[in-house]
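Take this structure first; my questions come after.
We just call them A, B, C and D in the order they show up, numbering each chain from 1.
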Amino acid sequence: MEKKIGFIGLGNMGINMAKNLISEGYHLQVYNRSINKADELNAAHITKCHTPAEAAAGVPFVITMLSEDEVLRESTVGADGILKNLQPNAVHISMSTISPDTAKELAKLHTEAGSHYLAAPVFGRPEAAAARKLFICVSGDAEVKNLARPVLDCLGQGVFDFGTEVGGANVVKIAGNFMIMASLEMMAEAFTLAEKNGLDRAQVANFFGSTLFNAPIYQNYGKLIANKQYEPVGFKAKLGYKDARLAFKLSQASETPMPTVNTVHSRLLTAVAKGWGDRDWVEGFGRGVSEDAGV
Amino acid sequence: MEKKIGFIGLGNMGINMAKNLISEGYHLQVYNRSINKADELNAAHITKCHTPAEAAAGVPFVITMLSEDEVLRESTVGADGILKNLQPNAVHISMSTISPDTAKELAKLHTEAGSHYLAAPVFGRPEAAAARKLFICVSGDAEVKNLARPVLDCLGQGVFDFGTEVGGANVVKIAGNFMIMASLEMMAEAFTLAEKNGLDRAQVANFFGSTLFNAPIYQNYGKLIANKQYEPVGFKAKLGYKDARLAFKLSQASETPMPTVNTVHSRLLTAVAKGWGDRDWVEGFGRGVSEDAGV
Amino acid sequence: MEKKIGFIGLGNMGINMAKNLISEGYHLQVYNRSINKADELNAAHITKCHTPAEAAAGVPFVITMLSEDEVLRESTVGADGILKNLQPNAVHISMSTISPDTAKELAKLHTEAGSHYLAAPVFGRPEAAAARKLFICVSGDAEVKNLARPVLDCLGQGVFDFGTEVGGANVVKIAGNFMIMASLEMMAEAFTLAEKNGLDRAQVANFFGSTLFNAPIYQNYGKLIANKQYEPVGFKAKLGYKDARLAFKLSQASETPMPTVNTVHSRLLTAVAKGWGDRDWVEGFGRGVSEDAGV
Amino acid sequence: MEKKIGFIGLGNMGINMAKNLISEGYHLQVYNRSINKADELNAAHITKCHTPAEAAAGVPFVITMLSEDEVLRESTVGADGILKNLQPNAVHISMSTISPDTAKELAKLHTEAGSHYLAAPVFGRPEAAAARKLFICVSGDAEVKNLARPVLDCLGQGVFDFGTEVGGANVVKIAGNFMIMASLEMMAEAFTLAEKNGLDRAQVANFFGSTLFNAPIYQNYGKLIANKQYEPVGFKAKLGYKDARLAFKLSQASETPMPTVNTVHSRLLTAVAKGWGDRDWVEGFGRGVSEDAGV
């Protein structure tokens, strides 16, 4: 008999994750605001649902991969939300990038409803999701983490446990996105400095990516920034800005002054204000620095 | 017959580089402000000199590894400087972290004197120098680069050519040091954010260093910052501040606004103002962020 | 017959405003969380109330002077809030420093309830409130502004009309507080620069306050900053921080990158993180700059 | 018999100052790089000179009003500089905006030459210079200040004594220019915030200029910024940038971290990088903030 999972959110990330679950033998009860996105999935192994509640009915696990706190909250506690139908002891595996406060709030509601909430945000672009190369951070009840583990193992190359406080993994995710943004800004500044001093951006990027900064972040994004290659749009500047806001808000909530958060937040706010919100966030950083430098 | 090289500057970096040259069969005419530093070298293979000029006499190559522009300038054009004795067609391999303007100025003086100047700054800490693992960036005349290559190969794991404009390699060095400083700041902010949200700094550092940021910068410095381990002092905050000033000055000279340079410059200026100039620069970043956050 | 006004919020500002209204012949139905604050008022001219709703019963005007958005919202729409009792066509004169969004939201609720909401935030410290020297900014329906005018004239030296969009005056108030904070930061930096260069802070402050910057902000705050006189506490750093957050939030909501908001926000967040939240905000700026400079 | 003064530097400021001295009965030995600027002066009361040295010959006072440190240094110690001819006990009244280090260096050279150097930088735009409304800051030897006083009284509305350390007045001048720049930035941010929230920039500027910020800086510049009126060019952005650099350098030299200096420095560096160096500095701030905000 096929194992069933509720799956909510078929964006660039979600669609690839859903495919991996299907190929591992799961049957998915899928919900997406534009349900025709589900046509990309093998029809034999999915059930299209009209609401998050429907997707959550009768399954041991429901996964959410949504764009922001508000959407997740509505999908969970709204009139047709997950909690309406989630059966006792079922686990909501929450993989979106959201604030730890939202995680705590939702976890409490699940507990009250007799079900479980697991924070499980991921690192990786859509290609990584497709290749099952996501890094998955989890936090929450130990037993719940064990229950969810086989599902998570279908989605990523590693699961990292950040304790039993439910918001912990979300903090790590926000901190990591901040570090990525800071890296984009840093490279845009460094390569523009090199360019204005007569050097070749690509050569400089290649040097750093193959020596001191030989990590994927610097290699992959480094090439895009060096070549001012801002298309196709992989991750929109306005979504990056949303993440910068999460980082800023967390720095406020935990009283942690972070000057670099100011910088990346301003950079992306400027991108949005200039009308680049739907362009790639790399353009927000790269073009932002270039324009300020008059090149 | 032993090959001779002039070697000026026996600091933490220089001393290790000198040893590697000796072990490759070179005889060194060494000069250092405190000449007793030369006692660490095999006496049979060195000649202690009283001035840079003396060290530069009669050799095909003189290497300088000094702390800053002014010291290099004085050692080169001062009354007892290299140029006083450097023979025609000899090459001054200049490996210090200095501004491209100083490089250009000195290169011009060498040309006028009939000798050659090669910009060859390096990336790597003293351990890397000892292990012959430096990354060496060069810029200058192509033929001169060829001449110097055998010497450079004794010192590092790779030589990277940034063109014929003499200041190019210096720009890359300054850009790289800026990126390292930005990385230290970024980690100090991210780990403190994690700490203030109840997470373990070391676990977070370890996670990033083994996944998205799996480059030595993040692994090695990440551990120090996570553990607030500021001793022993490897690189003094005041030297880091000197590098931040070089980056700032270059951003001015080339009209490249760099907000992250502002941040790291302020961080290290604050460290110096607070009296931490002789402590490790990691402390400047790590403790600086911690104190601002009240932890 | 005595004219009656509901008055909610007897903090350092409110208490002085209430006194002025009483001396102009109004009878006040007062509410304050700690109602014993009302003992400072002439008992013959006040009625102590147990809830905001009680204070709002049967009066043509109710004034609120509260610490923040949430408190105002609760006092207005809570179970015992103003709207429970406010009679048709009565005017809620809202004088707290709040976001324009809260103003719009509350205005809409008043309209639905058949009453009126007038945004009327003020500039001025408690002494100015006592001396009837407040500057009052208003925005909202023109007729409502006319109705409220005689009341406002008892409280300030000028009423400034910022149009019919209800949030307008709140925007001006937030912009003004931002400019004050930026001025405090600027002076703290300038005077510390002077001090570290061997000059007398007070002489420098006095010079600027009597020449280029001969405005009260620079004269009064200038003296406090110059003398590092941080007591008595006039306005708490944590309240200043609240205002910095309002400015930051407004810059986000309206997509206006404001680097100086970053600076003052970080300064006060740092003050709060260091445990200075209950000290004067001037200390947040003055001591913050001094400590960073090692003096 | 006419009193003689050497006068060097007939820019927008100097020309007006020279006229005031002439109208007080002084005969001026004038030098300017483009000597035809002197045609604006009454020919009967001037002697046109070909070098600074010539202008300094045989007079008790020589005034310099030049654009920057380097020009002043060259005019003073160059082959045809002031010191070549300045007679014993004559006073060099140095009114340019320069660093205190240059002041100290030049003062020392005057002392060695048997003459005197007085730091006397001024605050005020060309109109203020014409109207004899400059604020003059002085520092240096007390007796020299007394000697120069009658001359200074012809030029400004007040002379402010900042002690005997010769660089003191220069520090005050740099601190003041920093405060003006910070004020321009602050207003540009605040007015743009107001604009993007539907308010009228001019009304907001007028409100602040007539209440909390009723000082000339806010009234005059406030109007220009509010109206985005960037012409005619009164003070070029590149000269403002030079002053920002002086402030930055002084903050470095005295180890005073100043985040607001970072902001105004970046703002003007960006203006210069974007090619606005020859436009008014108000445009650098006003347009800079507007463009970042997409308006």
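For the reader, a short list of remarks on this structure follows.
Keep in mind that, in the parts below, contacts are C-beta pairs under 8 Å (C-beta built on N, C-alpha and C of every residue); 3 or more make two chains touch, one makes a residue touch a chain.
As the structure is a prediction and not an experimental result, all values here were calculated from the model.
In this assembly, the chain whose C-alpha centre lies farthest from subunit B is C. For the interfaces B-C and C-D, the C-beta contact count is higher for C-D. Chain centres here are Cα averages; for subunit B and subunit C they lie 53 Å apart. In terms of their C-alpha centroids, the spacing between subunit C and subunit D amounts to 38 Å. Touching of two or more other chains is recorded for residues 251, 255-257, 259, 266, 270, 273, 292-294 of subunit D. Taken chain by chain, the contacts link every pair, so each chain touches all the others. By the touch rule above, subunit C contacts subunit A in their complex via residues 245, 251-252, 255-257, 259, 262, 265-266, 269-270, 272-273.
Across the complex, subunit C is touched by residues 270, 273-275, 291-294 of subunit B. Interface residues of subunit A facing subunit B in the complex, by the touch rule stated above, are 100, 123, 135, 137, 158, 160, 162-163, 165, 167-168, 171-172, 174-176, 178-180, 182-183, 185-187, 189-194, 196-199, 203-204, 207-208, 211-218, 247, 250-251, 254-261, 263, 266-267, 289, 292-294.
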